[in-house]
Amino acid sequence: MNHSLWLISALLFVSGLCAVVLRKQLLVMLFGLEIMISAALIPLVAQASFFQDSNGLAAVLIILCVAAAEAVVGLSLILHLKKNKTLPDTDALANLKG
Amino acid sequence: MAIPLSVVCLFAAPVSALLFGYFFLLKRKQEWMHWPMILSCAVVGVSAASIAAQVYSGHILDVSPFKWMPVGAWSISFGVRLDGLSAIVLSLVALVGGLIHVYASGYMEGDPAFGRFFLAFHLFYLSMIGLVVSNNYVQMYLFWEMVGLSSYLLIGFWYQKASARRASLQAFFTNRVGDIGFFLALLILMNVFPAAHARFSELFPLLGQGSLAISWVGWLLFLAAIAKSAQFPLYFWLPDAMEGPTPVSALMHAATMVTAGIFLMARSWPLISLAPHLPTTIAAVGAFTAVFSGIIAATRKDLKRILAYSTVSHLGIMAFGLGLGEVSSALFHLVTHGFFKAALFLCAGNIAHALHKSTASVDETGGLLKKIPVTAVFFTAAAFSLSGIWPFAGFYSKDAILGAAFDRGGWASVAGFAIAFLSAFYIFRMLFLAFLGPREEQHPPEHPHEAGPAMNVPLFFIVLGAIGIGWFGTQFYHLASSGWLGVSPLVKIPGFDWSSFIRSTSMAGLGILAAYLWTMKWPSFDWDWRRNMPWIETMADADFGVKPMVAALTLLVEELSYLLGIFWDKKTWDGWIENTSLWAEDAAKTVSSLASGRLNDSLWWILLGGGVMLLRLLK
Amino acid sequence: MILTLFWAFPVIGALFTLFSPAFNLRARWVSIICAVMELYLVLQAGMGFWGGRLASLSEPGKILTYGISYSFSMDGLSWALCLLNAFLTVIALLSSWKQDLSAGFWASFLFLEGAVMGVFLAQDFFFFYIFWEAMLIPMFFIIGLWGSENRKHAAIKFFLFTFFGSLFLLLGILALVVFHHQSTGVWSWDMDILRAPNHGLYAILAFAAFVVGFGVKIPLVPIHTWLPDAHTEAPAAGSIILAGVLLKVGVYGFLRGLLPAFSEWGMKSLPWLGGLAAINVIYGALSAMAQMDLKRLIAYSSIAHLGFCVLGIASRTAQGLAGGSLQLINHGLTTGALFLMVGFLYERTHKRGLADFGDLVSQAPILTFFFGVTVFASIGLPGLNGFVGEFMSLSGMAKVSLPIAVVGVFGVTIAAFYLLPAFQAVFLGERSSASVSPRVFDLDFREQALLWLLIIPMFIIGLHPGPLLNIVGPAIGKLIL
Amino acid sequence: MNPATLFLRLLPMGSGISLFCGVLGVAFIGISKKISAGLIRALGLLSLAAAAAFVFAQPANGVISSLLNADAMTKAWCGVFYAGALPFLLAGTWTDEVSVLLLLGSLLGMTFLAFSANLLMLFISLELLSLPVYLLVALTPAQGRPSWEAAIKYFFAGSVSAAFFLLGLACHYSATGGFAFSGNGSFLDQTAFSLMALVALFKIGAVPWHFWLPDVYEASEPMLSGFLSTSVKAAGVFLLMRLVEYSQASFVSLLPAIGALTMVFAALAALNQQRLQRLLAYSSLGHAGVLVLGVGAWALLGATEKGALPIFFYLFSYVFMSNGAFFFLELTGVSQWSDLRGLGKKRPVLAFCFAALALSLAGIPPTAGFLAKFLIFWQAFKAGLYVPLIAASLATLAALSYYLRIVREMYFEEGSLNLKLEKMPAVNLIVSASAAYSAIAGFLPWILSAFQRVLG
């Protein structure tokens, strides 16, 4: 049971990672980010229940709240850049370099 | 034991004259500059005479009062050694120097830099005295260099002339090359015999049977002597040194300075004699120099150049005598040569003075016998003395050396004959061309006037010396033998050797006859060979290849310095160091191009970093 | 407390000079008064050394964190060098008296003097290193702000080059401290206690680091190319201090830092130090022959002369060490005088090429006399100070390794081959059409007085070096092998 | 649970509570619409002062509760955090209360980071610390600066590494069954700590994870960059030291290499920078490299609290140097090299300040930067890290060339000075105070004993 769970979370994590790294649209990257975070939580929940340890479950809840806060901040940053309904992609956001 | 007053005066008089002259007379009354100098020459002359008398009666003085460089056990000190050798040369320097000072006060009359001349001249006088009386090698080296400095100042006295400047530089550099030998010899001596502090009296007893180090020291001292006494390879600076005023040529480049090398070898004879093959080499080099420069002297046109090459030739003779073991007769020849060569130079000075030029060429003289008879008589007497004709001084010393040469036989006797013939030939060629009837190629001056008494009186005394000094040979050898370290037992008073007398006088007579025929009899053979065999002329001008070789050497050193100083140091090495900033710039460009500014790239880099961290776990 | 005053007084004086325009005082007068007071302070503090009565004066400090201690000490050698530093600073300040310069110029020289005093007196490697690098900043400004044409490039090159060297010095010092801790378990930075083991790769690397660290300052040949640029671009006063004092710091580093720390190495260090010194002598002399700029020529001649100092010290014999230390002071005097006179020429004509002058003797006979005497002192003519130092260094080295001494003797001879032709070209030779000689007027009283202050010691040391050797002697006694 | 015992129980968390009250207070003021910047600034300073007082009153005795404990390093690092934030709070030209709010929130996060006793608390305070900073960067008032773009880059990079941290947390939990710091050396636990170290290295700005740093420091307001380069970097260093301290993870041996690589990269990247703020960003990157090298050496030498003195002194001096330099940019509005020309003659005192700061950043004695770098180099030498030291020295040499260029442009070049030098007394004070400290501290090793006492 344990290994299959680790496999699923690893798969999910890698897919989130690809979304963040490969895609250019900011919103899609934000989704990828959230997927990565939740993928990382799966083994935590699994282990917590396996160890019958309520602290672990409480920790998962706290981490979810933090992830939510993070999403809020990310969204506000991204949406602020929206001009006449179009969102710039990462290529447009590259004038700071060198 | 207290230092006798005479020794103190030896140094105090010239030093006070120099200081007084520089600080008081130079700016205010530079025409009176010669008075303090002549006064100090007088004082030095008297003290030299009293020293000679003391040494003659057997009182040798060797004392080191001041410590110069004290570093614990290792130390160098100032000191004075008055024995036979130093007394003789000191008297020569004092006497001839004093007379030439008087001559110079007349000769240099009206020269704008009169004051500077006498300061440099008297500086030379002081350093020559210091060199002669010093009792250890380091102090001798100090005065050896001071003599080199004063020759630089005096040769380059008329610095406006480019040739004078070049000659003074050449003289100083050649002497410095020789000083490499002296410096290295000092280093070896100070380290092989540390306890002796390079002092003669302590050093020579320690030599024993000689060793590699001692032979090295001997050879190095010979190198120093070659440069200073103008022996074969390093002689070329002496003829060019004639750029200086005539009194300078007379005192320094004839009588005293150039003999410093011979004096050094005579002083360190116990050391040189222990080096295997060294004395024979000295003899060979001396003989070759004598013959070689004798030939060149015969081809020169400028009067002072002829006398310069003649000096080189006679220095060769002294070295030849020294090499053959005749140390005392070589010293005697040094003294007699000091007199007659100084006399010849001063006569040449009179001729030049008569022509109102700094130096005279054979083309511009001729038939001067009637116009300046006094100089002619003095010149003839000195010429006889130089060619070693019997009653004159030159005969006694030269005959002793030639006698030893004939005894040695083989190459030495051949050289002896050549020397006897050549020295008579070139001096009488000069005599006939200058004083006897003018030849058609010559255009003598209209009305040359005889030099004034200030010049002729000291000349008269020097000519007296040139004639009479030979007769006092026995007293000379007795004086020489008292206290001369390591050489006293060798000194023997040479008797009148008929066989060498006949041979050398006949060769000298033959030389005179040949000179007469060469210049006067046939249609001016002296000028013919220059016209139809010009290549000999160019060969002789180039000292048979020595001058171009020297020029090539200096060019090589200049090229080397350019290669190292500019090409390598400035362009290549420094260029490479400064280019490191360019390479850093290129590296900076590539590095800053990494920061593309796109978010995805930075995320890739984060993954890469994470990957490396995890890879580290596998090890 | 007195030793702290040695370096603190000039720094305070410098600050006071810097802000003197605020109190509408003339900066140059404030600075020269401070410099003279400093000279008096140094002189009377060290009177004990004169008769050899006083071996050393020390001011030990409390041990702080990591074993660092604010302690100073002065022996005969460092007193002589402090004296030279104070003396040359007074001369440098007086030499640029006529030029109108900002307060910063005068202040930087006092800052520099303070930093160099710190180096000569520091007993603790930490403070030695701080003073060692603090020297760079004032010199950087002196060259950069008041130099000649491309001074900016020369200043930056000087700073980077010397910083490169001091990085190696830092690594060397750290290595020494760690070695000491490994052997005794105590953290200490005291220069006299730290010792390096005499075998092992790390000891060799530490030795190399020290040689490079100090070598950049001396300068030893491969790492010397900052010196000609720094000298040609520095102002006259800057060149005097740069050549007269700053180059000595490197050799002093050898004497106080390297040799005691690697004393167990004994003669193993000889081929390296001796070889580098011999290269220095020949390289400096030969390169000087090819230079066409007067200051650049004197810069290369300094490289040759410093080679003699290192030669003497590398021999580790009594006369060698004494000769090397003496040569430090001689070089300060002769090269200081040479740069002083070139500075006068530059002040009058803003030219320093050999071909720019000619026949100066008719315009300025007194300058010619002084230049001539200094040239002969620099060549090493016996009777003047150059010979004494060189002879003792070489005879020290001859005792240990003859080949290096022979190369040194060639160096002595070549010295005449570049200085005399330059002297003749500038002072005696004919004038070219473009020559600036007509603009040169002879030295006034101030300039002559300055030169006499430098020339007289040359004769004194040349003829009677005894007292100076007695001062320097005990300081280097413990280095003799 | 009478108030006395409650007060005693809460005392250890006093600093956190005072900051939290500061946040609430500023928020309420904001709501009431009649905002006066002075009042907001006073409240912010008050809460900061209270927090500082509580921290120093705090006895370094250990466990406060299951999530928080305090030791000597906590007190020291809190001091650094508050010192780093002080200039921004004191002299900030922000208009509304949001910036102070975010600042105090971030400080709250840092305080909890310092006090955190286990990894969970570590993660929470990390996020609490980072999120306000993303917004702070975005809200930079200065127009014409692409601050939103920089904020987004900062956000995404930060969040991705936070995700990695979570993955590490999960592995650690499954390996050890709890969130405590102590690792049991198993392979899973080693990967956990390596993953978690990613965040720390990202926060400090070690090389492969640093690409956000120059953009953020350049885009944000110089004063904010000052805060970012000091307090946030110190937080990253603290996080790294906590992870290194307890884990026997193998990534520790990589730290010296990463540190040296960062220094070399930063020196080269800054060589031909034309914009001064970006130049200071890369210089800050260089100092990050030195710190990573320091932590690597500290780990090799047994990771003791007393051994942290060099790093602590470095961070404390760096607060002065970096804030001083960035506030100079704020004061003079200098952006190009040409703006600096002629400053030496026209404003000698100001030029002296910036020169002292530049030389201190370069590490030339007798500046504070030298003493700091000297201690780290010595620590590295004691740990036997010879090759990274050589690389670090060469990087310092390369870096010196552009610091010297600053001095050269100011003093050696002439130029028409067209800088807006309007009166900013507070900024002026900060620049001159930090310049004064930087100029002399290198010569006063006595102050080291004071820092030694703080670290116990």
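Chains: A, B, C and D, in written order; residue numbering restarts at 1 for each.
The definition used in the following text is that contacts are C-beta pairs under 8 Å (C-beta built on N, C-alpha and C of every residue); 3 or more make two chains touch, one makes a residue touch a chain.
None of the values given here were measured: they were computed from a predicted structure.
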- Query: What pair of chains is linked by the most C-beta contacts?
  - Reply: B-C
- If you average the CA atoms of chain A and of chain C, how many Å lie between those two points? 66
- Task: For chain A and chain B, let me know how many angstrom lie between their CA-based centres, rounded off.
- Result: 98
- Item | Separation of chain C from chain D, taking each centre as the mean of its C-alpha atoms, in whole Å | 43
- Distance in whole angstrom between the CA centres of chain A and chain D is 27
- Message: Going by the contact rule already set, what residues in chain B reach two or more other chains?
- Response: 592, 595, 597, 599, 603
- Do you know which chain D residues sit against two or more other chains? 152-153, 156, 160, 214-215, 273, 401
- Query: What pairs of chains are touching here?
  - Reply: A-B, A-D, B-C, B-D, C-D
- Quick one: in the complex, what on chain C touches chain D? 64-66, 68, 70, 126, 129-134, 136-137, 140-141, 144-145, 151-152, 155-156, 159-160, 163-164, 167, 170-171, 174-175, 177-178
- Query: What does chain B use to touch chain C in their complex?
  - Reply: 67-74, 138, 141-142, 145-146, 149, 152, 156, 159, 162, 165, 169, 172-173, 176-177, 179-180, 183-184, 186-188, 190-191, 557-558, 560-562, 564-566, 569-570, 573-574, 577-578
- Message: Using the touch definition from the top, list the residues of chain C that touch chain B in their complex.
- Response: 157, 222, 225, 228, 283, 286-291, 300, 318-319, 322, 361, 376, 381-383, 387-388, 391-392, 394-395, 398-399, 402, 405-406, 409-410, 412-413, 416-418, 420-421, 424, 428-430, 463-466, 469-470, 473
- Item | Residue numbers on chain A that touch chain B, as the complex places them | 17, 20-22, 24, 29, 90-91, 93-98
- Residue numbers on chain B that touch chain A, as the complex places them: 592, 595-600, 603-604, 607
